[in-house]
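In the two complexes below, chain A is the common chain; its partner is chain B in one and chain C in the other.
Let's turn to the complex of A and B:
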């Protein structure tokens, strides 16, 4: 085994280490909890041959490795968030040993407490609004006596107008739905719409919203957004949650 | 998990999976969560986040049928800098088409002009 380091998944409050006994990190290595001043860093051993600087530079370029690391990281965060108030860390936060983990928790103690205060008892919902898949582009008319250039340009303009109209409707629906969701949340964020090449769906995303919702409000949040979406048949939505509060775990 | 990602997982080091955790979600959601969000603490292993951002861009290119997406007119929104390049290309193509049509129109006009004389 090559030299190891400590990979940090999340920082939590009120986490009992024994609750993580059945949970593993990378390569089925058991998780450990490094406690310091009331906070718990959830860590596991990783080999520097895989998570060292040089190795990471190479591994992060490997999509299969990245996907595995991302899913493992995400899986542990979900587990921790199900047990305690949890602030997820960004992927590949690696410290040399437990003392180093403690030093970092110590240095950021106030900020981490503030983040945990913000997300305590709350979970995140994701609302995505998708415009209708774009209509087929107008076929270019074959040159013929009956079709003048002016006709052609007019048809192009009309097609562009229809596309624009659909787009504007979708954007307007996104505004309405974002407002409804925000009204039922304690905080909200608009994230960059995801690339259709990555989502695998042709419909353009016009809203990628994140909402922080109180523990006892999940059902009313979901119902309110679903009801508002019912009224907008010009768009489709993806409503997912509750998730760990990734979007709201930000150091200010 | 979208099917189109499966072939990309083909290298031998195929990932072991945790047996618990979230319902399967698509790679876009997962990467957004773990790369773009979460607390940033500088670890002892220095990872250049810029490199990671570049990587996600590369993934976008890798993942699926770029041409399909552009064909479908995604660039119409131009919400994404990755897409605006292709949007610009498309616009150029549109403009070319329109210019060609306009030339045809002018040509036919001057033709009929000549015919009248």
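Let's turn to the complex of A and C:
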């Protein structure tokens, strides 16, 4: 077995180690809780042969490994978030030992408390707005003679105008839906729209929003967004949640 | 207009959504082992990894991915 380090999944408040007794981290290694000044870091042992800097450079380029790591991390975060107020950490946060974990928690104590205050009792929703898939460019026959030249240019201009109009309508719909969602949330963030190469869908994404919603507001949030989306036949939406408050655990 | 609305359970968040969050925005508590991977480097890595493999993934049946 190669030297080990401590992988940190999340920092939580009021978490009891025994509540995590049935949960495991990577490779079914049991989780541990490193407590310091009222905060609990949820950790597990990992081998440096897999999670060291050199190994990670290679492993993060391997989608199967990346997905396994992300799903394992996410599974632990969901479990912790179900037990306590929790600030998820970014993927592959690795410290050399428990003292190092404590030192980090100590250095960021105020910021971590602020993050936990912000997300307490709240969960995240994701709202994506997708513009219509780009239509095949209408075949505009090439001019066959001098007389049809002006006609050809006019039809070409009209086709470009229609495409532009659809795009502008979609952007406007994104603004409206983002505003409605934000009004029913305590905080919102716009993440970068996902590339169609990553979503595997041809429709361009015009909004990739994240919304922090109070525990008792999930239904009204969902209903308000769905009702606003019903009024827009120019876009489609994807509304998903509630998730742990990943997008709102950023240190300010 | 179509609305896709789902009650999520563990493991149902799509990988791209998960990476948006796990790599883009989570609390950054720079670990001392992977210090040089913190920040921009990781985002670059994720895009390279995803774009190359998603292309291969497109050849798979639709049901195999989200």
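Simple rule for what comes next: the second predicted complex is superposed on the first by the 243 of 252 C-alpha atoms of A that agree within 3 Å, B and C clash if a C-alpha of one lies under 4 Å from a C-alpha of the other, contacts with A are read in each partner's own complex, and residues count from 1 in each chain.
Convention: a residue touches a chain if its C-beta (ideal position, glycine included) is under 8 Å from a C-beta of that chain, and two chains touch if they have at least 3 such contacts.
The model shown is predicted, which means the values in this text are computed figures rather than measured ones.
If you put the two complexes together on chain A, you find that chain B and chain C bump into each other. Of the two partner chains, chain B and chain C are each touched by A:108. With both structures placed on the common chain, the touch criterion links A:226 to chain C but leaves chain B unconnected. By the touch criterion defined above, A:96 lies against chain B and chain C together after alignment on the C-alpha atoms of chain A. Contacts of A:242 after superposition: chain C is touched, whereas chain B is not reached.
Look at A:150: by the touch rule set out above, it reaches chain B but stays clear of chain C. Of the two partner chains placed around the shared chain by superposition, neither chain B nor chain C is touched by A:21.
Contacts of A:72 after superposition on the shared chain: chain B is touched, whereas chain C is not.
When the two complexes are overlaid on their common chain A, residue A:61 makes contact with chain B and with chain C alike. When the two complexes are laid over each other on chain A, chain A has residues 5, 8, 11, 48, 51-53, 56-57, 60-63, 66-67, 70-71, 73-75, 78, 87-96, 100, 104, 108, 112, 115, 126, 191-192, 194-195, 197-200, 240, 243, 246-247, 249-251 in contact with both chain B and chain C. In the complex of the two chains, the chain A residues touching chain B come out as 5, 8, 11, 22-24, 27-28, 48, 51-53, 56-57, 60-68, 70-76, 78-79, 87-96, 100, 104, 108, 112, 115, 126, 131, 133-134, 137, 140, 143, 148-150, 152-153, 156, 163, 167, 191-200, 202, 204-206, 240, 243, 246-247, 249-251. Residues 5, 8, 11, 48, 51-53, 56-57, 60-63, 66-67, 70-71, 73-75, 78, 87-96, 100, 104-105, 108, 112, 115, 126, 189, 191-192, 194-195, 197-200, 208, 210, 222, 226, 229-230, 232-243, 246-247, 249-251 of chain A are the ones that touch chain C when the two sit in their complex.
The touching residues of chain C, when paired with chain A in their complex, are 1-6, 8, 10-11, 13, 15-37, 42, 45-46, 48-55, 57-58, 65-66. Across the complex, chain B meets chain A through its residues 2, 4-5, 8-11, 13-18, 20-22, 25-47, 49, 51-52, 55, 58-66, 68-69, 72-74, 76-77, 79-80, 82-83, 94, 97-98, 101-106, 108.
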